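Next come two complexes built around chain A: one with chain B, the other with chain C.
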Partner chain A sequence: MLFTSYEFLGFLVVLFILYYALPSRAQWPLLLAASYLFYGCADPSYLLYILATTGTTYGAARFIQKNADRQRAYLKAHKQALSREEQQAYKARQKAIRRRWLVGGLLIGLGNLAVVKYTNFVISNLNGILSALGQGEPLSFVTLAMPMGISFYTFQAVGYLVDVYRGTVTAEKNPFRVALFLAFFPQLVQGPISRYGELSQTLYAPHPFSARRVARGLQRMLWGYFKKLVIADRLLPAILVLTGDSAAYSGAYVLVGMFFYTVNLYADFTGGIDITIGIAEAMGITLPENFHRPYFSKSLKEYWRRWHMTMSFWFRDYVFYPVSTSSFMWKLTKFCRSRLGSQVGRRVPVYLSSFLVWLATGVWHGASWNFIVWGLGNFAILMISEELEPLYARFHRRFYVDGALWYKVFQVGRTFLLVSALKLFDCYACVGETFRAFGSIFTAGNWHIFWDGSLLGLGLTLTDYGVLAASTLLVVCVSLAQRAGSVRDAIHSRPYPVRFALWYALFLAVLLMGAYGIGYDASQFIYNRF
Partner chain B sequence: MEELLNILSELHPDVDFTCQEGLVDDAILDSMDIVSLIAAIKDVYDVSITARDIVPEHFNSAAALYRLIQRLADED
Partner chain C sequence: MIRMKETKRTRSLITFFLSALIVLLTLWLLQRLLVPKYAADVVEGALVAEYYQEENKDFDVIFVGDCEVYENFSPVTLWEEYGIHSYIRGSAQQYIWQSYYLLEDTLRYHTPQVVIFNVQSMQFSQAQNEAYNRMTLEGMEWSGSKVKSILASMTEEEQFLDYVFPILRYHTRWSELTGDDVRYLFQSRPVSHNGYYMRVDVKPAENVPGGQILADYSFGERAWDYLERMVQLCQAHDIQLILIKAPSLYPYWYPEWEAQIEDFARERDLPYLNFLELTEETGIDYSTDTYDAGLHMNLSGAEKLSDYMGKILREEYGVPDRRGDPQLDRIWADNLAAYEAEQQAQYECYGMTPQQEGG
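Moving on, here comes the complex of A and B:
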């Protein structure tokens, strides 16, 4: 049941009616039932995986919480009787018990993800090694269901468990509430990756009907459908042609494919997130934002604070900080400082932790070397930028260009090119093919395709190009307008006929220009496969 | 406090840390700065700041960070 299917729209209509018709205490149980129905419709076997993750997460979190509560009560009762050292020793023993529950919960949750997502990738690499050594029969691949969105709900589960361990949230006593937190259907398949402390504020609360809130939610959904159906799905056939045969479509075609894919991914992913947040908003539930006009970033570092924010922040809070502030890293820092000097020692925790984060980010995106190289490519560029900081500072002291509009445009353009080039790893079958395709941009010399009509042979007509250009321009204008605040609020402040005309025009645009119709199968959202 | 201001100034010599109240919220300090800062604080104050303590409230101003250091020193 894709977000773009008629079944899903029917499902939503029935759900919204029931959600506001039932007593408010029945709203979150209804959402749990609807979420499991939604997920079960995709494939009933997926339910087993999410139930296993839910059970493990709930159980481990409860044990951690009970231990923490018991520790508090014990120390309160024996405050006078125990010395400071005895209290510290008791705390350390209890913390070790809680850590064991945490590690157990994480191993099961992440192990579940690792097995279904990476088993065949490992087998494929082992076969490559065996073949190179000329030894034995190749290992057989295994058939495992890859549950849709498993990477997203596993990360939410890990975040929840770690937060309970850190004591920043209290473990939920009701297992059905934990089940809803992990399975809430709008965000189940492509995020955003929510934190329990934030989402629980609105997920279980009663939400009386509010026409304004429902309208706002529907408006956000409509904007998401516009980006997905009018831009992303219209571009997709051309991208498949361009990246399907890198020998035939080399040189300037790669450049075209690169920009098409950059626009496609933005429209697809942000469109999907708009639909997700809009559905939740219509039901009074607040989900975290996942994008902040990322293609206007002036550096790669800034881009990663504005693109897929909930994933970046997840890696920062649950991988980067714990690793870089661990006692192992501290010992390593001291060792490097004493042997290699303070400059190297200072860089060790940051660089090593960043390397691990980017390796994990690449692996999270998919079981393929393309994603690993993509992750490490990001790492390399970020670290080189970090090392060049003194040079940039010297340049800016010499030339006063920092506030100039042309320089900002240059920075945004440079970052956009960099990000687009890195995204090529997502387009081609293997790393070698990606590098060959990228290299051909500078060697093929087939720039004539821009004026000899070749671009009309990619499955896009002149009308398609017109629609895409106008729609993309609209998205850019809306993004620029968002700098001054919410565009929906600005429209809402207009007289009723004006706002009705604007929303109706957008609705018509989706209806008339959306890439669907008889024989057309709206494509799955790109991030569903993660 | 003087030592903390020196550590911060080494990271960003162009920032006046005595009056900034949104070091994290305004993206003056990023995650890499925070890790470098924590290592320097460990050196100077012998205080371990863990991942649990890394929240914007503790890092948004020099005063808030100093309060965190004092609290952790007391707990030790």
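Moving on, here comes the complex of A and C:
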């Protein structure tokens, strides 16, 4: 059931009616049933994977919690009898037990993800090595179901388990509640990646009907559908043409494809998240925001604080911090400081941890070298920027450009170009092809395509370009307006006829200009495949 | 305080209903505007709907089938020559299950004495094209038959909801609207003469391609199933079913197909007329009686076929002469006037005289 299918809309209507018609204590069990129905409709076998993750996560978290509770009770009961050293020794033993449960839970969850997502990637690379060495028969690829959204719910499970281990949340006693936390259908397939501590506050709470809240949720969904159907899906055919044959579409075409894809990915992903958050909001559930006008970022570092925020924060909290504060890193820092000086020694743990985070981010995005190079490309640019920071600061001071509007615009444009160029790795089949395509921008010299009508041969008509230009402009204007606060709140403060006209116009725009139905391939949200 | 609350509630209710009314009205208008009108080109899409406009639906003879009925028989000739009150429920590439459900739909209004079904559509067991589905199904009034016909016809890419709310299907037409979409917003233009699509121009049949070798000449199970259901439906309503194969030279009618239909007709004791083998009796001349090199008859060919068919209907099946019924006389006088007017208009359009046509 794609979010853009009639079936899904029908499913939502029935769910909303039941959700508010049933007693409020039945709301979250209903959501669990609906979530499993939604996921099972995609492929019943997916349910096995999520059930396995849920079972192991619940079990491991409960063991960790019980151990922590037991430790607390034991220490309380034996406070007088045990010396400080004995208490420390006892704590260390218990922590080791909890760590074993944590590692076991993580291994099963992440192992599940690794096997289904990366087995064939590993086999393909092994075959490459074997072939290069001229040895042996190539290994056969394995047929494994790649459950939709497995990366998202695995990350939520890992986050939950680590939070329980850290003691920042208490392990849930009811396994069905854990099941809902992992399988909550709006966020199941493309995030945002929620934290148990935050989501549990509204996920299981009773939510009496509120017309205002439902209306706000529907408004958010409508905006998401606008971005997905009017912009992303309308652009998609041209992107498929442009990236499907890099030899035929080189040079200026690559530039066009690069910008198209940047707009497409934004509209697709943020549109999907708007729909997700809107559905949850209509049911009184608060999901974390995943974007904060990312294309207005003035640097790549800022961009990654504003794009796919829940993923970035997840990597920060569950990879970067644990790695950079690990005992190994302390030892390494000490070693580097003593051998290479304090400047280098200070940087080593940060850069090494960042390297691992970006490597993991790349790998998470897809089982291909393109994504790994993309991740490491981000790492390299971020590290170079970090090193050049003093130089930038001097430049800003010398030329008084800090705070100047034109310079901000320049920074935003520069970051947008950089981000767009990096996204090219998403578009092509291999790293070599991506570099060749990018290089051709500067060598092909086919700039005439911008005025000789070639762009009309990409599967987009003049009307399509008009619709895309107008709707993209609207999205930009809304983003700019968001600087002053919520646009929905601003609209809500207007008289009813104005509100009605604005939302109904948006609805008609989706209805009439959306790329859906016969003649358009119903396209999955890009992040569903992760 | 209570009164204030009540006033507020009343105001909210009025606002809600007014908003809902505006939404429904604008959506309905938009839908009317965006659906194809089939008024100027591809008029075949308007044929099925025209039936419901008929003042007197008490037809004695109903034709069902594809272009081989609605372009090859003229009900006006049947009336003029034999006083037979008939209608063609034809549409472009009408599949046999669609013919069956159109017949079922027709029986909601009246029970004809004779149903004539053209067997060319037996070649299909699955719908081939969404556009053709639309041309047959959209024109049907909503009934159980329409629902079943849609469900039986939909290709993989189609959605039932798109038939319920055609705006979902035609939402992109806003960029290709023409004057006709506004002109025929609320009322359609008649395009047929009791379901007959008239063409007076001539294009002789020359070098008609033969049939390609097929892997399997058997008609599909689904086609047979619907033919059987059609036979049973006719039996249940005491209707004489006549199977025909119109004299269209292309698509090719294979001898293997002919043999299967002959066997079926013999087994079910049904009359079967293959007009491809009756050219001498009907007087069809492929150099003058077709407007597209043998695929379909022009007016001359259609009138010859109708004349021949009318004689059979009268003599062998006793279809009554309804001339003299004041209501039908009036209706058919109007039909005839429209028929002649279009005939004249087409002669002028093609720069022809009646003599240049086969007649």
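In this section, the second predicted complex is superposed on the first by the 529 of 530 C-alpha atoms of A that agree within 3 Å, B and C clash if a C-alpha of one lies under 4 Å from a C-alpha of the other, contacts with A are read in each partner's own complex, and residues count from 1 in each chain.
The rule is short, and it goes like this: a contact is a pair of C-beta atoms (placed from the backbone, for glycine too) under 8 Å apart; a residue touches a chain by one contact, two chains touch by 3 or more.
None of these values were measured; they are calculated from a predicted model.
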item: Side-by-side fit of chain B and chain C on chain A, or clash; value: fit
item: Angle, in degrees and to the nearest 10, that opens at chain A between the C-alpha centres of chain B and chain C; value: 160
item: Partner chain in contact with A:F442 - chain B first, chain C second, else both or neither; value: neither
item: Touching partner for A:F410 - first (chain B), second (chain C), both, neither; value: neither
item: Contact breadth on chain A, by residue count: chain C or chain B; value: B
item: Contacts of A:S324 with chain B and chain C, given as first, second, both or neither; value: first
item: First, second, both or neither for A:F450, with chain B first and chain C second; value: neither
item: First, second, both or neither for A:Y392, with chain B first and chain C second; value: neither
item: Touched partner set for A:F335, first chain B, second chain C, both or neither; value: neither
item: First (chain B), second (chain C), both or neither touched by A:S353; value: first
item: Gap in Å between nearest CA atoms once chain C and chain B share a frame through chain A; value: 42
item: List of chain A residues in touch with chain B within their complex; value: 166-168, 301-302, 305, 316-317, 320-322, 324-325, 330, 333, 346, 349-350, 353-354, 386
item: Of all residues in chain B, those that touch chain A in their complex; value: 27, 30-32, 34-36, 38-39, 42, 48-52, 54
item: Chain C residues touching chain A - in the complex, by the definition given at the top; value: 15, 19, 22-23, 26, 30, 130, 157-159, 161-162, 167-169, 171-172, 174-175
item: Residues of chain A defined as touching chain C within the complex; value: 6, 461, 463, 496, 500, 504, 508, 511-514, 516-519
